[in-house]
């Protein structure tokens, strides 16, 4: 039986027949793990001894003063091992893979963070590892490709379709339908067929659980608003999940690209361009044309450059529980620059979307208010993109010198 | 009814041939000519794939055909127009094969009724398990169209029986794990799998994925009712042109 | 009065007269801070809310199994904000700068880690910041230069002398003798005139304090040996300091470069080439000729490529309390590769020296033994050096394509 | 004794000139010619810097001279040989200026006795505060050499008095914060600083750092006993050659 879980009308499990039994197995393994208290304990243990959990909640005093509005706190997922919240999901799925007795993992990656995280987990657990990554993303996130390979993973460039995240997902599925016996597909975000949206959110919920305790400890009360960027939705759901029943405004920030009215963006929920559809195994909002063909998306941040979005977020949007906004590439670079200079923090380009939106709103909040921004990752990986965005002449000279050396 | 057509046909032939093509690849005009060529070469039925941007279950050759068709502007509307035309012109059953989003965006009942109107006999939707397909199966039944379901080597006996309850026309048995276009090992194991499929359904059974030459079709004769040739015809056409497809089909049997 | 503290015959305070009063002020401020229990509390607080302290102690199960000797634990200073133990020192000195009411900081940097850490601290505390960095190091640690500049620091290339770490220190002193009124020099390691060796070790002692608690908690006993790389000596002293009175063998690993008998290395204590001298304000072992002229050093790791070493370590060597060894560039790259593949950890090239030496010794220890390796930093910054060492063809192609883009 | 030489000389001149050079830059031979030229031009005493690889207190010009001298192979041995030769040839006092490691590696007592043997009158070691210098000061006293100490604008009155207790020959007052070679503001503030220096020691006082033209020397006359010209002579020589140094010195007074 295909067990398909829906969130309102979103979600489901639109599987090719060949994968039905594999999903059966996965659903069962995840259910058992979830019901086994020792599992979450083991998960927390590995996250605290191998990664750096709990990650801190940093008060951003300088930004707070600069904007003169609400007090700004930043949840530091950038301090995770491998530099992003992706570690949470990956280590959780790694433990499941061990339970299922499989020996190989595959994954898609956009920003490369999920790929690096998966390759790292595979090294740690002794699994073989193949990572699918769109050609366009390989070009803009080369350092991460380098590290995946050094970690012992095979990185397969995806040259089909739009050659970004969604195409890498398709390729991973194609691998999986061939090798499901010994292989687990470590999906990187809260998308895909059931149980992925639930499972990924479950592992990422560690962010919100910690953040809630931390903010109460620091301020004795909950924040007014929480900001998180939304690619597939996993870091956003990770932090939102602990606050759904509280009177806290939750803001998901999508990639505005060149602007919502240019067509060049990846705002599935914040723009009028998204419509409900079914692809990659689940039903949600997609950027697609009237025939149902998926459209090209655009963002400076490879990790947000995705055509669909978590079905759980689609429901939360429908219910009005989460507000969706977008930040343009330009706004994001400005927010990144400001955060570097004011706080010494280097958000990933993805995370900088959350900062950008928060910066638009924070001046209008009261000084007694608190907001919380989820810094889903660090920007080291984005050095080429950021250097290009700022047209850094010394960097360009350095690269040209390097190229000369290699030519010799 | 598709099933009775197949049963009649099977009285005359040991094994039937079903071919596949992607509508709009290389172009809608060429698609018409390919169909014409194949019908003349004696195929017994055909599946017409409406291209989709995310054909997850397809391998590189069909994936590429999907993408090229879309890049050249293929639309669902054009696909239906072509389907209507070939149904009128050729006297074999035609099926639509596509992914569920194409139906969903069109409106599932509207899509099914459109198929019926155009004279299409049934459809294959590889990413729609019955559990998710209530609307689709209802509409198909309403219009007396055949819902072709898929058995795979990972499908349990229980599930085959469950699937058989939704199936119409014939059952499409996938020869192996993987996507379309890789090669298949035509072995005793495959024969065993086919006899298990046979035992779970009263419908005729088709075998697809990796059928590419006479030897394969010979192997399947007696074991299956229909041999499905997908990727290989696209390859033949890409290499030797549309006319070569006729010879290729004739040489299979 | 020049207060000069000696460690055996090493240390002291060889200052130009112009700096005497500045050091007076610093010595006093540090003494007061050290005696103020609230200061260490504030320090721990900022290290846990802004960086990720306590950093985990990770059991390296796969490496343990691979070598079949002692159980290997890794102290994860790489998980600090900015990616190395340098954060500990820098945040501590930042708090002191606040106490002294100064508004500008300067620093030398070799690997760039201390520069990035200082630039980060300056952003956080709102100080102006200038970083001195040798031209040779700028070329091999370009990503760190990029980040320093983005953080708002001015990076001044040092073109004198051997154009590496020691020359950057000289330049920083030259800045300081001009601008001491509003400027503090954030020295990056446990070297230089008093109080730097003591002060930097004090802040870095947080590593050992945590590690000791953690290993006792995990294993109920102390390790047999502890390995740390030695550039100036700050990460080594940081972890060693809590174990000096225990029966734990302490191993400091210096840069063996091309090999101790090639002359191309930076092993001041592990080789026979080091002799006692006085430079950069303190007395210790230096790599110098018979006239007292400092020699060129060599290491693949910019952060170990230093001509002197902490006076505290010179004494510990003399007393036989710390054993000094060296690892060659080649051994270091192999150790790095193995650690990546086996554990999913990316040590900095500096830190990989400690791993390399540990790997040589661990097979000969018993399975009941425990060793501890200090992973002082992460290797992201070293991507260019590592890619070059492994002659990665895809990386080279990528850099050449980038160079083409920039030419256009 | 250096001090009495200076006192005598000061009876004839309002202000004395001390110049500086780096031994071995551009070469040992050139160093000799430079010294010769300067003595002929009437300098009253000279400090000869033995190059060191880490001249922390020196600015870019002198730093560069140190490095070039070392690159061209200058050694401590050669420096002493040259010192011996100039002492024999020229009838003014010569001092050694260098960083402490040069003495330390040579052996401090041995170094000091070597200076004495060569007829050197004293030395300046800018990175050696008296607190660290017991061995040095003892040896200097033993050989009756003058230990030139440094006052700086950040030196407190207390400390000046403390330093004065170790000083011999004269006191070297640094004009401002910073390294050698930057420009100095010859102002009332400087005059105040000099009178404070004067009040703390009975020794003659020299002022250095940034003295580069007649105007500066004129300003210092009456306020200091010795004007020290360092960087500027190196610049003149680098620009116009060794002979230009003579004219440069003559024009200062």
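Letters A, B, C and D name the chains as they come in the text, with residue numbers starting at 1 for each one.
Everything below uses one rule, namely that a contact is a pair of C-beta atoms (placed from the backbone, for glycine too) under 8 Å apart; a residue touches a chain by one contact, two chains touch by 3 or more.
In this text the structure is predicted, and so the values were computed from the model without any measurement.
**Q** Hop across touching chains from subunit A and tell me the fewest hops that reach subunit D.
**A** The fewest steps needed to get from subunit A to subunit D is 2.
**Q** In terms of CA centroid distance, which chain is the most far removed from subunit A?
**A** D
**Q** How many angstrom lie between the CA centroids of subunit B and subunit C, rounded to a whole number?
**A** Here the centre of subunit C sits 66 Å away from the centre of subunit B.
**Q** Whole-Å distance, subunit C centre to subunit D centre, using C-alpha means?
**A** Using C-alpha averages as centres, the distance is 38 Å.
**Q** Find the geometric centre of each of subunit A and subunit C from their Cα atoms only, then give the gap between the two centres in Å, rounded to an integer.
**A** 33
**Q** Which residue numbers or ranges of subunit C touch two or more of the other chains?
**A** Within subunit C, no residue touches at least two other chains.
**Q** What are the residues of subunit B that contact at least two other chains?
**A** In subunit B, no residue touches two or more other chains.
**Q** Chains as vertices, touching pairs as edges: which of line, ring, star, complete or other describes this one?
**A** Graph shape, chains as nodes and touching pairs as edges: a line.
**Q** Chain pairs that touch, all of them, please.
**A** Chain-chain contacts present: A-B, A-C, C-D.
**Q** Mind listing the subunit C positions that touch subunit A in their complex?
**A** 48-52, 55-59, 62, 76, 79, 81-83, 119-124, 126, 139, 142-143, 145-147, 149-152, 337, 340-346, 380, 383-384, 386-387, 390, 392, 394-396, 398-404, 406-407
**Q** Note which residues of subunit B are touching subunit A in the complex, please.
**A** 52-57, 59-60, 63-64, 67, 70, 75-76, 99-102, 104-106, 126-129, 131-132, 149-156, 159, 162-163, 174, 177-179, 182
**Q** Mind listing the subunit C positions that touch subunit D in their complex?
**A** Touch list, subunit C to subunit D: 1-2, 4, 12-22, 160-161, 166, 170, 173-174, 177-181, 275, 277-281, 283, 288, 290-294.
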